[in-house]
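The structures considered in this document are given below.
Consider the two complexes below, in which chain A is the common component and chain B and chain C are the respective partners.
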Partner chain A sequence: MIYIMGIVSILLLSLVLGPMIIPDFVWPHIARDFLLHNGLSDTGASNLVSAIYLGYRAYDTIGETIVLLAAVTGAVYLITGSPASVHGSEKLPQKPKRRTNIISMTTGKLAPVVMLFGWYVMFFGHLSPGGGFQGGVVLASGLLFIALGRENHQRESKLDRSGLHIIEVSSLFLILLLLSIPLVFGASILENPFGKNGSTIPRVIYIVGFNMAIGLKVGSGLTLLGLLMMDMKHDD
Partner chain B sequence: MMINRILLLGLFLLGFYGLMVQRNMVKKVFALSIQNSAVVLLFILEGGSIGSHAPIVTEGQTAYVDPIPQALMLTAIVVGICVTALALALVYRLYQKYETLDVEEIQRKAGNEQ
Partner chain C sequence: MITFLLMFVLIGSAYALFSRDLLYSTIALSMTSVVSALIFYLLHAPDVAITEAAVGAGLSTVIFIWIIKHTRRSDP
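Right, the complex of A and B next:
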């Protein structure tokens, strides 16, 4: 019964969506041409995607990081604050051993390389493909590699949950600081204050700063989520 | 170019079908993620139809793809990750309470409680 309902509904949905998606429309060139001529001089980033999401539409990006913060907060609350941890303290059934020598060796050797690549993607987001979000995700996967390799990551490392919380909150404050820097220079909020009328500071420094702050925030938030999900009870 | 869009429509409908028909909640969450991916791919495909080079300004190069859909989809990907993570946390909490992932089973158990 439910399968028939599903098939009927996707037929109806394809009747609605098909005429919107399938016909050929010519994509307009005007926005691309505007960005091509003005993007580099307006924002200082030669990667036009970075020029949009940290230059022209930086306000959107702030909202995006706040969405991420809300999701991490909600997930942390739902996972750690669950009532089942009360009777989860009783003797757990013997878990199958997840860690083998191959896994710990591979992740241990791979994690520094992955994290270095993450920092590269964060630093060079204005010149090459990448940026704060992508670099943060790569950084988080490097940290999660380390956590995968060690069974007792939480107890051995300084970078446990509270450390990651501190990094996340401080990078949020870094974003707020960067947001209000233009006010000191008499510009409006989120307007790039550097590099105007012959100043020696390159214009791109504002975008690099934002990329670093966002990368740290995304990296610590996603690592926190991954660690929480790796520590879930009920592994059977 | 048309076949690409038809395949993406199929991917989107596949995600929708999974969202409607599957009773396992984890599969529902991943069906939502598939729908998100289909929309992202559609935007990247459309924006890429006017050029052939990555939108990074270099000398003597004008045939870039449109960077605006890419910047938009960056936001969409991040929001998609957030939705998936929060939904999985909710599924985990429901599983802890009812010890099953089946939606109808959960509805039955929740009905019995009242």
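Right, the complex of A and C next:
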């Protein structure tokens, strides 16, 4: 078994180090030049990665959020609805508590900073590196830090699970609303409706709205997944 | 520089594969994520670097450590 692992790691090593040895050739640059010249004026986002995945390729992003929704739904169904969680809550042998103050102090001090950085990444995704997904993940990390530093009863009072459900579903509806806004303005679906014909609304606002909705959705969904796993009753 | 960091990633992931102690494996995996985030940053992809650092080093490490806390620590 260990020989198979060794062979696999040598193959992976050659796969990783291969592109370093191969001399670089001329990459195609049609799409790069197109994005460099038209990306800012088409979508209003100076971060070209945001311009791609919320402007040109927004359909893929919608599919990604729906995949995350399906994952969260499946996890909620499996964890809360399985018969093991009903029987598992009878009599668990209590483990001796070996909890120090270090974890709760560190997480309590670190979590606001992490969450502030998450909000920054989420809201400035059109200017600086980052975006909705990354900001949402950082936000979920901050919330899970808070959950990690608390005992069970305190965790339930601090982080409300139904509130997270509501945030996730309402941000899905916000995404659907953003999808259908261009139809009102006579544009096709997912086409940026603002900033045309001398309109005063800046064109970026569509990207910012998408970033906010996706960030809230990803953050609440991942926090919900983490909380469900932490509260899961386990039978040894 | 990048080749050196890639060797570091490879050593870390091999240690995470072969280690019998799952907590050491998780920490090695988290270190691997941080180093690959550094590689992404050096290759002018800061978006991917933020994602790698947040998902690989932050969220999945928290979940792994929580799971190790509730199960056995050693890999049989």
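Please note the rule applied: the second predicted complex is superposed on the first by the 199 of 236 C-alpha atoms of A that agree within 3 Å, B and C clash if a C-alpha of one lies under 4 Å from a C-alpha of the other, contacts with A are read in each partner's own complex, and residues count from 1 in each chain.
Going forward, a contact is a pair of C-beta atoms (placed from the backbone, for glycine too) under 8 Å apart; a residue touches a chain by one contact, two chains touch by 3 or more.
Remember, predicted model here, so these are calculated numbers, not experimental data.
Contacts of A:49 after superposition: both chain B and chain C are touched.
In the superposed model, A:36 lies in contact with chain B only, and not with chain C.
Residue contacts after overlaying the shared chain place A:102 against neither chain B nor chain C. Look at A:13: by the touch rule set out above, it reaches both chain B and chain C. Residue contacts after overlaying the shared chain place A:64 against chain B, while chain C stays out of touching range. Touch criterion met: A:27 reaches chain B, while chain C stays clear of it.
In the overlay built on the shared chain, the residue A:3 is in contact with chain B alone; chain C does not reach it. In the superposed pair of complexes, A:79 makes contact with chain B only, with no contact to chain C. Of the two partner chains placed by the overlay, only chain C lies in contact with A:121; chain B stays clear of it.
Within chain A, the residues touching chain B in one complex and chain C in the other are 2, 5, 9, 13, 17, 47, 49, 129, 131, 133, 222, 229, 234. Interface residues of chain C, counted against chain A in their complex, comprise 2-3, 6, 9-10, 14, 17-18, 46-47, 49-51, 54-55, 58-59, 62-63, 66-67, 70-71. Interface residues of chain B, counted against chain A in their complex, comprise 1-2, 5-6, 8-9, 12-13, 16-17, 20-21, 42, 46-47, 49-51, 54-58, 62, 64-68, 70-71, 74-75, 77-79, 81-83, 85-86, 88-90, 92-93, 95-97. Of all residues in chain A, those touching chain C in their complex are 2, 5, 9, 12-13, 16-17, 20, 47, 49, 121, 129-131, 133-134, 137-138, 140-141, 144-145, 148, 222, 226, 229-230, 234. On chain A, the positions that touch chain B within their shared complex are 2-3, 5-7, 9-10, 13-14, 17-18, 21-22, 24, 27, 29, 31-32, 35-36, 39-40, 46-49, 51-53, 57, 60-61, 64, 67-68, 70-72, 74-75, 78-79, 82-84, 127-129, 131, 133, 218, 222, 225, 228-229, 232-234.
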